[in-house]
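Two complexes follow with subunit A in common, the first pairing it with subunit B and the second with subunit C.
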Partner chain A sequence: MSDATGVIHDIGYQRYTGPRLGRRQVFGALYLHGVRTVFGLGRSAKAKIFPWLVVSVVTVVAAGVTAVRSQIGEVVMTYAQFADAMSWLVIFFAAVAAPELVSRDLRSGVLPLYFSRPLPRGDYALSKLLALVTALWLLLGGPQLVMFLGAAFTTNRGVRGVWDELLDLLPGLLYAGLWAVVFASIALLVASLTGKRAFAAGGIVAVFLMTTPVVGVLSILPSRTINELAFVASPPTLVGGVGNWALGDRLTQGRGGMPIGDFGPVYAAVAVLLVAACVSLLLLRYRKVAAR
Partner chain B sequence: MSTVTWITARGLFGRSRFLMLLPLPLILIGLAVLCRSLGVDPGQWGPPVLVGLGLAVVLPVVALIEGTGVLGAEIDDGTVVHILTKPLPRWQIVLPKLAVAAGVTAVTVGVPIYVAGVLADSVRLGLALVVASAAGALAYSALFLALSLVTRRPVLLGLVYVLIWEGLLGRFVSGTRVLSIQQWVIALADRMAPTPLLGTSVSVPVAAVLTALVAVGFTVLAIDRLRSFSVAGETS
Partner chain C sequence: MTLLATESLTKTYGGRVTALTDLTVSVEPGIIGLVGANGAGKSTLIKILLGLLPPTSGRVQVLGLDPTTDPAAVRARVGYMPEHDALPPDLSAAELVTHLGRISGLPRTVARERASEALRHVGLHEERHRAVGGYSTGMKQRVKLAQALVHDPDLLLLDEPTNGLDPAGRDAMLALIHRIGTEFGISVVVCSHLLGEVERICDTLVAIDGGRLLRADRVSAMTTATDVLAVEVSEGTDELAARLAALDLPVTRDGRLLLLQLADDATYDQILGAVAELDLPLHRLDQRRHRVAELFAAREPSHV
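The block that comes next holds the complex of A and B.
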């Protein structure tokens, strides 16, 4: 045996000595990545089909409503009614977006990589939730802005008219935010339960769809109390009830609201409880998520 | 009962997956029983429960999950290769899978809608709803099974059909109802048991012919697609 002739060459590996970004930057990066994921930005054309299909349909409807209003002068939909009318598309959008955000990570088993960073488990879930809320809010808020611009440029009462229109828009945007929070928390919770995007999408739609007829049945039962509380049973009508109570006339502009009687605070409490329950279940889910 | 049938059924029901199918039918039965026991007029609760929940939600959603699940799940997992490499004609793969999907859907929807139909009106309405929804289950399953071979995102495309075409457009644009499986099912059920509870603008012969056409056509399409099927990775 000859003597050891091996040599360790210095091929110039260096340790990273620059600044290390902390938790907040990780959160921000994950959030931004989440919002981009939802709209398919930075991904293949196939990933853009469904999100942008929904976005374009919603925008076209808003443009149509604006055109009718500027030509005939008749308000087809208020900002809040626009959000209500688009509820099925919002459900579909949530069913597209939520599985993309969380189910893919579960399926491809990359969560250990995420959690080996200075990223608490709750932050992962919350950043995804925030991304979905933002995306849903943009989905509803963008077309509302289109409607506002259309109304503002065709008003014949000058600055006064624009200001009035803005006062109508702001509650509408707030209402859209309410939609976004409620829908995002439910959809993300359902999606985080399965790694299969197909099942996640089906589950989200099933949850939203099967509760809607329950409202229809409850509101014809022979009891006034149950009738006025019926809208609690389904997320879309629950949001409608809360908006009706909190923003009242500014939302409906005297076009008949929901018959919720004096139960407004109950609706608000149920909405808050629902969101809180979904978020805490989501956090609980990511405390012990399988690493595969 | 072929091995493919057996594998497919086990893939759908294995472990506790069959539990996922329970909530929808239970809500349907629960609402019907609740309305009946409180003595609400069937003319009022019939349409929202039978059509609004049963035929417009439970039937398409269950068919969507089953129809895309029988083949789509295997394509997603990549295990479809194991079946494709067996010396089986393609129709012997598609037909058993379609039978399982349609059968499971028909049973899952048929039982609760029979109960609801009997509570709403009569045994005759219940049986009519069962037969019509079984035909609908076959048409939906064939459609969604073919979708899972034509595209990589069958569930989303199926949801576009169920939510936007049948749900949104069907409500506002009456012309699209002619091409809606949901309306065909309603028309067929209404023909077999005429009641004021069900109503549609689609004529019965059109509905029957189109249902058969969709069921056969999409099955043939699925067999044809599976003949030249290329296994690819997950969509990006």
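The block that comes next holds the complex of A and C.
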């Protein structure tokens, strides 16, 4: 090969001696890939339709709310209320995104290709979960930012007004984060159980749909304690309950809100336990999948 | 250096199903054929080598590392090609292999370069930008091989790489594996239930059956030349047999072949003379080698 005859040689196979990245960077690569997958980036045009439809709906709603507020000067929706109002869109979004993230991999059998690499098996599940949390949070937080910008530019109280608005925005973003964490962990757990995307999507919506009547029944039982605790039975009302307790007026705007009595901390504890249980089951699930 | 070593390796599932029993084997770098019937324990062995399954008892070493205690280090240096379909249909081969290269720890640009290199080495060029869903089985097998190569492993574990391929595809895949093992400097373990296939390209064979080691040896040691000559003529086999018998050469028939003991070089002349006298079209005349299959068959325990 070293003779200088001026012939173009096929250089053949080259060994790689450069750097190999560690666990953190690999986790990051998988996470970023997950976020892109949710929004259909780097995928076919068909895969982009639904996520971007939802994104445009929430953005339009946020823009509308901002426009109304700047015209009539009345706060139609607080940041936190916006998250509440969009909950069904978030559920549908999660029901489509979670199967995209995990069911597709289960179905195509690509998992052995992941698990035969240095990646620890828990990292796969956690990076997907984090990707879905991020996507849901962006879905709710992005429009809140639009609302904030609208309010900040139309405020007539100068810097003071912008600062007040920011103090309203931050709890709203935190609340959006709570929605994202709770919904993502439930949706991803359900989706990881089946390779069929339609089943997974149906299952996720069913979890949220089926638990709503339970809340209804519990809240009319003749016991005040049960009534006040009724909202833990369904994920959306559970999150609402935590918000009610933690955010108070920012969520209710002095219009009553959910009758959860003094059980606010219970709601928070249940939410934490729910997420912890979902994540543990998810990790357990992938321990089994990897060994197959 | 020892490539793989197991010591009394045993794997039982749930205490009832035994996949591997007391397997002790040690192989040197090269192309290794891991042969056994379906269910012999090949896939279980591969999963233990990758650190995906813990052995019930016994010890195992891959490239001098222990996959039970340091699976990440082993997997960083090993490429694995699974037996079954493993490709998402809507990604292109280039995207998939690049992504998996990154999961193996390659930096972004390196992953992209090495992915197209790996795909070129397995013979996929322009089509690598098309969605995998539209690929033929042969192309899919090549993509699976490319993803095992992308991070430049020191050892490839290939589980039934010729599964589902037509004869031409099989030959091409085997030639490719042989090239990887000889020119690329990467050791390869090829799992197969078809002995005839792997013996062509391997320099070491490990045969397992029912989770037990049947035999492990270098192919050259198994296929030393014998003192038997094989003669094949296109027609007139019976006449030739009679003529050779008349020349005092004991002949046995094996299908279309005539087998004779090789005494010395004169035997060749006698046979050629007989063929020429009878004016028969000679198809082949060669010294027979031991066939690997015979060796395995002879050692195989009588089981049902």
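Keep this in mind: the second predicted complex is superposed on the first by the 272 of 292 C-alpha atoms of A that agree within 3 Å, B and C clash if a C-alpha of one lies under 4 Å from a C-alpha of the other, contacts with A are read in each partner's own complex, and residues count from 1 in each chain.
Here is the rule we use: contacts are C-beta pairs under 8 Å (C-beta built on N, C-alpha and C of every residue); 3 or more make two chains touch, one makes a residue touch a chain.
The shown structure was predicted, so the numbers you read here are calculated from the model rather than taken from an experiment.
By the touch criterion defined above, A:Y13 lies against subunit C but remains apart from subunit B after alignment on the C-alpha atoms of chain A.
By the touch criterion stated above, A:V96 is placed in contact with subunit B alone, subunit C being left untouched.
Look at A:G216: by the touch rule set out above, it reaches subunit B but stays clear of subunit C.
In the superposition on chain A, A:F50 contacts subunit B only, with no contact to subunit C. Residue contacts after overlaying the shared chain place A:V110 against subunit C, while subunit B stays out of touching range. In the superposition on chain A, contact is made by A:A201 with subunit B only, not with subunit C.
With both structures placed on the common chain, the touch criterion links A:W88 to subunit B but leaves subunit C unconnected. Subunit A residues 43-44, 47 lie at the interface with subunit B in one structure and with subunit C in the other. Considering their complex, residues 12-16, 18-23, 25-26, 29-30, 33, 42-44, 47, 104-105, 108-110, 112-120, 290-291 of subunit A touch subunit C.
Residue ranges on subunit C touching subunit A, taken from their complex, read 47, 50, 52-53, 72-73, 75-76, 78-80, 82, 84-90, 95, 99-100, 102-108, 110, 114, 117, 121, 147, 151-152, 157, 180, 183-185. Contacts from subunit A toward subunit B in the complex involve residues 43-44, 46-47, 50, 53, 57, 88-89, 91-92, 95-96, 196-199, 201-203, 205-206, 209-210, 212-214, 216-217, 220-222. Those residues of subunit B lying in contact with subunit A across their complex are 20, 23-24, 27, 31, 34-35, 38-40, 44-45, 48-49, 52-53, 57-58, 61, 64-65, 68-69, 72-73, 76, 152-156, 159-160, 162-164, 167-168, 235-236.
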